[in-house]
């Protein structure tokens, strides 16, 4: 009953009509960004590898001051998420490891504990109330957009977590780095944080800041 | 120099001003939904437990036809994600397990393989091109919003994955269930899918549909 | 009282200030797409013809397997809708014509029957409930974003309808084409749809698929 | 191979999990509106009639000053479009009929001529450039959000058009009604429009305004 | 305890990972606009001067027919607001000055009176109701998106106000300019506004229109 | 030619059709919030006073530790901005006054200096670069969403500024208050900020925190 020739004609008709309609927009990082994300890679050059990322499989290097590592799969690392409203990162926390107080200016975060025990929390802006809890393997916790939050390995072994974001470019502003790892003059830091100058200078020294 | 009394006064000033500004909107599921999500639970009754969910820690029951289980943490199960543009679900796939062809009408998906080997893919609407690949532990793959996709355990042991979504209510439309698990008349299914009537009736029987 | 010279000066002032503010963004299809749509055509080269499209006036070619035709006016065909959150398509259904089960990943649809009688419906993802009805001339029906739906000419003469979308690039994924009109291996189709292999091979043959 | 009992169990599992996830949000007009639209009608009480509207099938009453009628299917008339980003209205223009200069504050418009000949146009805010054209049956024209536009029956018989909007609540502000059909004092109208007071008073008289 | 070397290594790690993630998108006005705004200026070339604008400090030239001046800081004048959802403009109104009836197609407006007395108002589209009030120094008033509104200096000295917008490109369509300052044929203006032809021709003459 | 009776009929027709379409959504703060804002006040009870706010006219009380005051006109204080994507606040800075390091989780900010001299700046998350400048009367500066920023009176007299936001509920999280004005245990603050415990305890004492 079904005639192959007419069907092929039909198939061609549909395909031709939609040739330049994209279901996705893999980032072409070589072009300038826009407020909605990067321009799209030519659909004809897109392959499945644009939608797959293997960079989160390995353990991050936690041989550092925070005994922790953040390995992101944002647009810059994983262009396939461009324009799709989602991204992810891997957290590795050695024993005693800490992801310091930070915010994501561009999105909410959902934490999933894969291994170990993590104490995580955030501070609301309304009344500065703190919400924190110790999480075990399989627990999830959500951190509303833009609020200060942290994660600490509160267990006796290494911990691993994955954090998903409601944006392909959530950003990451670690408070300590923002305050102490640049050339913001000490007097301005003191004036805007009430911290003692000695404390500011000490952390500037540690984190590589100046001024 | 810093006088506690004046500071407390300041603190009170700020707090009072922002008393009804919420940083989050934990769903009050007892009230009617809106296009942007559920009305917010009274902030005074919100505690950290509203932002934490332990329901994904256990292995889903895979003793079923698809040898797989989907355990969601969407607004209905985890009211803390309401309005935050993100949610998550756990996939358990026994040996031979399959998450059948389906779409999420309301969001993009990001798959993370935690254990085992999964063959996953999606079909673009432009030219009906298929993008699929075998993923190992630690690999991630993104599925653009609304497109048909699937996951198959292609390994020799059980597989576990977590899928994040760019919406707290991504929805889930499994094609087979949509076509065969309801009272859509067989003649309409045949007419709109080109499937043979016998095939339709067989699957209606299996999936509990009628008509 | 009104002095022409000062008014012209005023007029010039306003015009100059807003010279590069665009009220619209006609797509320049020669440039790469972005997540929010195509870059804008130079406003100085935009004319009324960019906002008018005559391509829906003729009857679509229904000499094909589905006895139906879809003629879209999406961004690719009608660049004037770029960035405006709306588009339209014409449906022609000969006697017995069918628009097969499909979804629009990127938008909701509003159907308007202009001629004839059409049986239209969609399947919700919640409980897989079916909503379908026979529509006459002048009736409208709305199909929520991303859900499977169909249209069948249930009358005795040709039917015409226009379908508007809440996006200039709604996309169109016809389930049959997504499953059978490409090189997705038969074993994967069988595994993810529960269809019999013979059925899959038959439809792959008809729709030009392989594998 | 497929065992009905386990399948039914599976079916129940999925259904139960998503019971309160809605794919749509039919407006409950008895409840207060929100910025994103009306609260949703209880999904259990939703039927196909909530998604179908027959009110655009008849000819509008054009026995009035503008010899035209606008029959809307916005959320207030057609609650099924609530939250879906789309709506539609029917325009009837008798010979000489006119839809006067107006804007839709909340959405872009796509006009489709079904019968007759219509001269339609809009004015851009940038340089006040006018884009207008005579449209015939089957032609479409798009009017970017918020800009002044009009439609005139420029043919020798009645004309019919359907206008789709990128919002379920596009609004409609007819400039003449906004200026002359209320109690805005004549002196304020004169001061803000440069019109002669006599002209303002004349139109206030005609359109039922006062002051 | 804190070792500078490892910290620096950490610092580098974070910085490198986020090198191409932008927190902002200063407009590169030399490139074509997109629906979401202009492409971003290279972040390495961005300096504080991109986020500061001094152009609103001076008094606008009110030696014109409306005895008023609008000085905008939209994307075209202040590229730093590109993509940030906000912009501002300064209003200067000499004695008797008027900002004529107008709309902003792309955003809501918040007026702040800095000096003098201003009578401001808007017309809702629902029932054409007028909301207007005399405002003094320090008062604010909000004008919902897309609705006709006006400002008149109702005091005895010059008035100054600043108007913020919910978009970096709110647009500005002054009704008089849209109707009379272009080549829209007089007969079309008459037909779509009910104004007398003499009135139309008079204002076309004043505002530099033709036709 | 224009007959009053038919026009009134027309007027009634339009009004009736749009009776429940709102152009605005003044917050009814007595009802629960939703992710898109508060439910709307009954339009029949809305008056011009809902769109006007006089609370920013007076000088804020700067007799406190920061010698500064923030007086907001967000939805909680000014329900007319609900759903409109904009709000505003007044900043008063006495000599030596400081608005400490803070973020607005929900929106971008545009600062306008009305009186005095203000040193303002923000820190980008990418590379922790600081952008700051001394601003004079009439200068504006924009702070991208979610990034740490501050304002300091750097002049010899009191300073006044108004800050507009791209959201009616931008939120305000002052870093010091978030870290020290609550019961977040000192050891957690130390662990997540690298600050010395003595410093933390000192500021907790000053700002009324415990733990």
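For reference, chains read A, B, C, D, E and F in written order, and residue numbers begin at 1 within each chain.
By definition in this document, contacts are C-beta pairs under 8 Å (C-beta built on N, C-alpha and C of every residue); 3 or more make two chains touch, one makes a residue touch a chain.
Please read all numbers here as calculations on a predicted model, not as lab measurements.
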Where chain C and chain F overlap in contact partners, by chain label: A, B, D, E
Any chain that touches chain F and chain B: A, D
Between the pairs E-F and D-F, the one where more C-beta pairs touch: E-F
Most widely separated chain from chain D, with each centre as the mean of CA atoms: A
For chain C paired with chain E, centre-to-centre distance based on mean C-alpha positions, whole Å: 34
Between chain A and chain B, centroid-to-centroid distance (C-alpha), Å: 20
Euclidean distance of C-alpha centroids - chain B vs chain E, Å: 41
Averaged-CA centre spacing for the pair chain F and chain A, given as whole angstrom: 26
Set of chain C residues in contact with two or more other chains: 2, 18-19, 21-23, 31, 34-36, 105-106, 121, 125-128, 132, 144-147, 171-172, 177, 181, 194, 206-207
Every chain pair in contact, whichever chains are involved: A-B, A-C, A-E, A-F, B-C, B-D, B-F, C-D, C-E, D-E, D-F, E-F
Complex contacts: residues of chain B adjacent to chain D: 29, 31-36, 61, 63-66, 69-72, 74-77, 105-106, 169, 171-172, 174, 177, 181, 205-208
In the complex, chain B residues that touch chain F: 2-4, 6-11, 13-14, 17-23, 25, 28, 31, 34-42, 82-83
Footprint of chain C on chain D - complex, ascending: 2, 15, 18-19, 21-24, 43, 47-49, 51-54, 56-58, 73, 78, 80-81, 84-88, 107-110, 112, 114, 121-122, 124-128, 131-133, 135-147, 162, 164-167, 194
Chain A-facing residues of chain F, complex: 98-101, 103-106, 119, 121, 123, 125-126, 128-130, 132, 144-148, 150, 152, 171-173, 175-179, 181-184, 188, 191-196, 199, 202-203, 206
